[in-house]
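Below you'll find a set of structures to go through.
Below, subunit A partners subunit B and then partners subunit C, in two separate complexes.
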Partner chain A sequence: MTRRLSFAQWLAVSWLLLVVVSACIAPTSSPVPDLLHTQEPPFQDPHWLGTDPLGHDVLQLLLAGARTTLLISIPTAVLASLLGGAAGSVAGFWGNSTYQVQRASAAAGVIGAVIALLFIPQLRTNPFPVGLVIGVLSCTVYYALRRTSWGQRQIAVPIDSMVQALIALLDSIPLLLLVLAIAAVQRPSSMGLVVLLVLTCWTTPARLLRAVTLRTKALLFVEAAVVAGLPTLRILRYHIWPNTWPVLLIRLPLSIAIIIGLETTLSFLGIGLAPEVASWGRLLASIRVAPAAWWLLVWPGAAIFFTILSLHTLVSTKITGFDKHLDVTK
Partner chain B sequence: MGRYLLFRLGRTVLAAWGILSIIFLLTRWAATDIGLQTLQDAPTLGRGLSVGEQTRIAQQVRQRYGLDLPVFYLSVLTSDTDTPAWHPHWHWNGTRNQYHRWLRGVVQGDLGNSYREGTPVTKLLLQALRYTLPLTVSATFLATISTVLLASWVNYYNRWRGLVLAILHGIQALPLFLVALGLLLLLANPDALNWFPAFGLGDDTEQYSSWSEELLQYLRHLVLPVFSLLLVALPGFVVQLDGAMQQELREPYVATARAKGAPPVQVVRKHVLHNALLPVLPLFTELLPSMVTGSVVVEMVYALPGMGRLFVEAAAQQDLPVLLGVVLLVAIARLASQLLADALYQWADPRIRLHI
Partner chain C sequence: MKRILFGLLLLLWSSITGCSPSATSATPDTVRIRWARDPENLDPLIANNPSSYEVSTLLHCSLLNISDTGRNIVPWLAAASPQVERLGDSLMLVSYSLRPEATWDNGKPVVAQDVAFTLKMMNCPGLPTEMDQAMFHFIQDIRLDTTDSRRFTLVCTGQSSDYVRNSGDFSILPEYALDPKGSLRSVSIRELRSGAATAYASVTSFVQRYQAAQLAQHPDNLPGCGPYQLKNWQPGRFLTFTRKLKWWGDALAKAPPILRAVPKSITYQIIPDAGTAMLALRRGDIDLYPLMPAAEFARLRRSDADRARLSFYTVDSYECVVANFNTRQPTLQDRFTRQALSALFDVPGLIRATQQGAAYRSASIVSPRVHPYYNDSLPLPTYDTQQAITLLRKAGWREVNGQGWVRKQAGKLLELRLSLSYRAGDPALEAAALQFRAAATAIRIPVDLRPTEASLLVQQLREGTTEVSLRSIGGNPAAYDFTPLFHSNSTSLYNYSGFGTPASDHLIEAIVQTPDTAQKTRLLRRFQRLLYTERPIYVLYFLQYRIAAARRLGRVPVTSIKPSYRANAIDFSPVTK
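== the complex of A and B ==
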């Protein structure tokens, strides 16, 4: 799998390294505005990239923005890929009829869940005793039903349909609108924004991995493993997963790029991150106050452009190494 | 076919209902107080009132907008002293709740009143659509045509293909708001090139000598927003269609067509294009919803009083009825375009039989 990087890829990697380094050296405290030099053009001694209308140094804002971008986009992309990958693999592998449980345990689970839902307030105030009571109750139900012939029959859990329904639910509204609507009302912190983005962005990796898993499942060695009687989790771990996870890996730079685009758009619109958090999108938004200040557009714009372009370059060249028929960019 | 469409329709309506309900409940539960804050800041309420009067007025406003009702059919009882510990702390509210009223209103075509302006949301949406619809529809139309033209062109003139694809690859790395801002500051800036007006869609108060001049003015205002939407949508589509065409060009029927003496342009236009369009058809029907999403950004940058602007302002000021109204409209647009995709599939390739 070791491949030599092309020139464009070297450029991309070095730009991304530069972004990472600048995120590391960025000042942690919010910079003090230089009120004597507001909206200063670039290439002058103290502020080499100019200042914004409030007197903040653009270079410092760029560095701090790089850190915000990385801290939001990388965890989000990784977590969304993992969540979507897990959901997609499970949906693709088990389908609608393969995963079966005893009616007894299904009934016990349903009863336990219903009781837990009914007693949410009590569960919140003192989780341990109430949870214990509910657990004991559903265990009793399970052991009572296990002996009966009704309880011993198997029923299939339609995992595939459930995952597909969730995906359809999230996909019925464009991602930007969904995130905007929820972020506007919830006013999330940086952490909350990551959670929100993960919960809304996992659908594409899930669809991708479901397709790949379906294809891998039909191959002979998986059938052989099933016939040999290997446990399901072991088949997933050692037979399916090694063939499907590269897809997630290839897609990761693209996911990061999409999330960077989304995050900067949110900050540009003034919704999402708190006002004191520096962000490339917020820096760009300040140009609406000062339309003559071209440096407020050029520097953060170039930063966003080169970062996303580098990530795209990594995707489009790496794809040749793996399954050529698979289009991860969809 | 009919059964399939009906099934599809039912499924998508169900999904849209689900996500709208989730957004409704999430926003109502999170924003009961903040939404009320917007109400109290409304200009109808004078300043300098005593605290008692203010709370009374707030109560009245709550009642007018139905915010005094519980949010959902079920609510958690807060006073747990008079109920025994083993009793579920839920209260059944019946149909007198905000969710039921909202849903009934939506089914009857009434989306409630805006918190900010007090006018019906449907009226606001219709006003906004007057601006958004020309913008998005013309952008969709132009994007479709230019995608087909550009993809056919690069497949015929092969030596430009690498360059055009590289440029498109670069454009793809630009988020929409960056493109819109860049065009605005380059082409509608008194300090740079002042070719196009920077905001709005023409002044209503200004008198034009003829309708043609008015139309020209209108189009001048529309050029930059439409162009930025077009520029961002184009790369993905051209790359997809180009890939499909490259695959088709290797098929034996292309060799047959060439062998019987068809000129290369005709081969691309008449033979290859038709077959290559089929796999990218679903992408094209996603175009209109994605344009509507893009109009959120474009209308903010170019200060057009359209739906996207309405949405962002409603989001910033937590005007929940307007927020939900816009989301509902976009969901409907998406639903319609998905159904259109299915119908188009049938029309483009009668061999395809869609079934459940």
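== the complex of A and C ==
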């Protein structure tokens, strides 16, 4: 299984390690502006990479920016992959007819959801009492309907169509526009940005996992497990996921690269992160205030470029290796 | 390989052509000006930002205007400066005569009845006129001259020269367009102000008609006597005004700058981001960039290529950048805390870093350029974190294990934790915010920075939900009515600090009402000391206006008062380099 890494791959791994080390050694406090040394060019002691229009040391900003990049992109990519992976697996495995519930449950769920939608403002102001009322109402509907023969009948939940519709809905809006619109109204914070990106970036992993699950589900050993009457979760856990999760793993660096690009764009536009949080995108944006300060373009630009390039190189390495085992790319 | 090479060449060519300045698409007699924000509403009654004020000056005329230096008043719709007669010790009669040439778009003359109508409208219950009522509360009545339809007299309470000036500072609106039946003629200003007028059916129907006209979004429903009319308005993108083909000002033999209207078309491009605006100026997409960031202004001035295309102007302004402390918030209720927080602003550093040194400090809200009124005995506050700590202790705050500051207030333990709001996208304000945060963090005061969209920020300021905020306050050296800014009756209007004590209110009223200059100077100096001690706001610096304009515009008339230029008087005359 051992593989020799090429020179380019070594460089990619080295650069990514450098980013991780930078993130670890970056100062934990917010950078302090030095108003006496603004826009100083690089290669001068003590600001070897220059300063920005507020006198922040560019090197320190790059290190702190590396940490922000990692703290935003890795959790986002992992969470989006997990969320998308779960949705895609469920949609692929259950399809539109496998998962069935009582009509009473379905009706109670739909009624509860509709009422909740109608009373969103009240739910926001008084979540507990309003939620309780909706819950009690739904339960009442459920218990009333389950006594009837109509309510006891089973109905198939079209999980696949629902997930696909949600994916189509999110994909129909350009990702950047969607993120921009939401980021513009919410207060800037790192946690808020992670949640926002997770909620908008899960669709690609979901589509991938759905496709792979559909293919794996059709394999004989899975059908044998179903025929043997094994529980659904057991089939998913022991027969489906071991064959599908490597796809997510391969996709992960690419997801990280995409999210780095998105986070950088948002920071460049001045939304998403709080103003005091250092980020490569924000550093890049300061070129707009000082267009003559080339170092504000070159250093963060190079950091972003090499990080994304390294992640892409890593992905291509993995795909090459993975092709030989699963041949999923065909 | 050939394809890649071709692609690279195509990319290179498009980059070169894309980055080079485009040939100007401007037509002669057209001016394109950068605005940082949309005016949002064009109703002259509720104009509440610099952009909508500027629109008002193009569409409508007031009786008086401020001279370019900002120190004198000049007649605009009035034929001459008003005649003033003081009666007893509290009343004043201000008499005006309107220019005989002034007409509305339909050819009818602008008459005193229009002024009376406007004043009544500004006091009409049911209309959004709170600001007008606060500003023009001193005008008690209007007396029309029975022999001359253009003459009238305003009856004012108070005898201050400020009142004389303010009495002519509102846009005159056409009665024929808004109230063709003259339904307000039978109602007096006093009745309207007291609310008794709501009993009149004619007033109610007038209010309904006014609201139905939706003037905020459809200013074309309100013809003005100004030289321009709105041709196109794409909110958030641009506004275009065209010069009226037939305007009464053309008949004047020697029109003053305020009554000149040279450009045939004026377009305001809404470009919130300073960097994008700079790019637009260099590409020739805009002709005039007012209030330009200092660093960019200096850089363009140094560049030979830009000097060949652009003219540069600077003028000391009466606009200051202030830190506003919302005194209604529990943490900011005492003056020592506010003084302590003021000591955390490194103002000299900020002036150097963000204004290239081209701004001037002041210990008060009165500009140091106004010598008799500025209280030069007040020391300039210094940037001193130790002093801040001392003042915080004096305010009753105590440090808890080096973690932060707390104090007991109304039986509760209060933590000193602040939010700092400012207009998003303004690099100078962001710099001040970051510097303040760093200094506050150093003495363990957590500060949450909140860059906020301009109109949302105004809304939050008005609702009193901000804590510390950074903003600019425009002023002029001829007006010293601090009622909107600091009077306790104005907390729902422009008194964003919520400050106001009986003593300060009394002082504000006395400043406005005194006709004696020496007394006014004394009162103003006392008021400045009071503000200095109470610190509801902290003046960081007064701005220098920087304007870059395309040379084809000719010599741009610049002023010390916002918007810092007179777009209507740009005459396209050649400028020597």
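Just so we're on the same page, the second predicted complex is superposed on the first by the 265 of 330 C-alpha atoms of A that agree within 3 Å, B and C clash if a C-alpha of one lies under 4 Å from a C-alpha of the other, contacts with A are read in each partner's own complex, and residues count from 1 in each chain.
Throughout what follows, contacts are C-beta pairs under 8 Å (C-beta built on N, C-alpha and C of every residue); 3 or more make two chains touch, one makes a residue touch a chain.
Remember, predicted model here, so these are calculated numbers, not experimental data.
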item: Touched partner set for A:P121, first subunit B, second subunit C, both or neither; value: first
item: Which of subunit B and subunit C A:G261 touches, first, second, both or neither; value: first
item: Comparison of subunit B and subunit C by subunit A residues contacted; value: B
item: First, second, both or neither for A:G301, with subunit B first and subunit C second; value: first
item: Contacts of A:A156 with subunit B and subunit C, given as first, second, both or neither; value: neither
item: Touched partner set for A:L249, first subunit B, second subunit C, both or neither; value: neither
item: Partner chain(s) touched by A:P291 [first = subunit B, second = subunit C, both, neither]; value: both
item: Subunit B versus subunit C as contact partner of A:H312, first or second or both or neither; value: first
item: Which of subunit B and subunit C A:G270 touches, first, second, both or neither; value: both
item: Overlap of subunit C and subunit B interfaces on subunit A (superposed complexes); value: 184, 270, 287, 291-292
item: Subunit B to subunit A touching residues, read off their complex; value: 11-12, 15-16, 18-19, 22-23, 26-27, 30-31, 34, 76-77, 80, 85, 88-90, 169-170, 172-178, 181-182, 185, 189, 191-192, 289-290, 292-293, 296-297, 300, 311-312, 314-316, 318, 320, 323, 326-327, 330-331, 334-335
item: Parts of subunit A lying in touch with subunit C, wherever the complex brings them together; value: 29-33, 35-36, 38-39, 53-55, 184, 187-188, 270, 274-276, 287-292
item: Subunit A partner contacts - residues on subunit C that touch it in the complex; value: 273-276, 278, 293, 295-296, 299, 346, 349-350, 352-353, 424-425, 427, 430-431, 433-435, 437-438, 441-442, 448-451, 453
item: Touch list for subunit A against partner subunit B, complex; value: 118-122, 165, 168-178, 180-186, 257, 261, 264-265, 268-271, 281, 284, 287, 291-292, 294, 297, 301, 304-306, 308-309, 312, 316
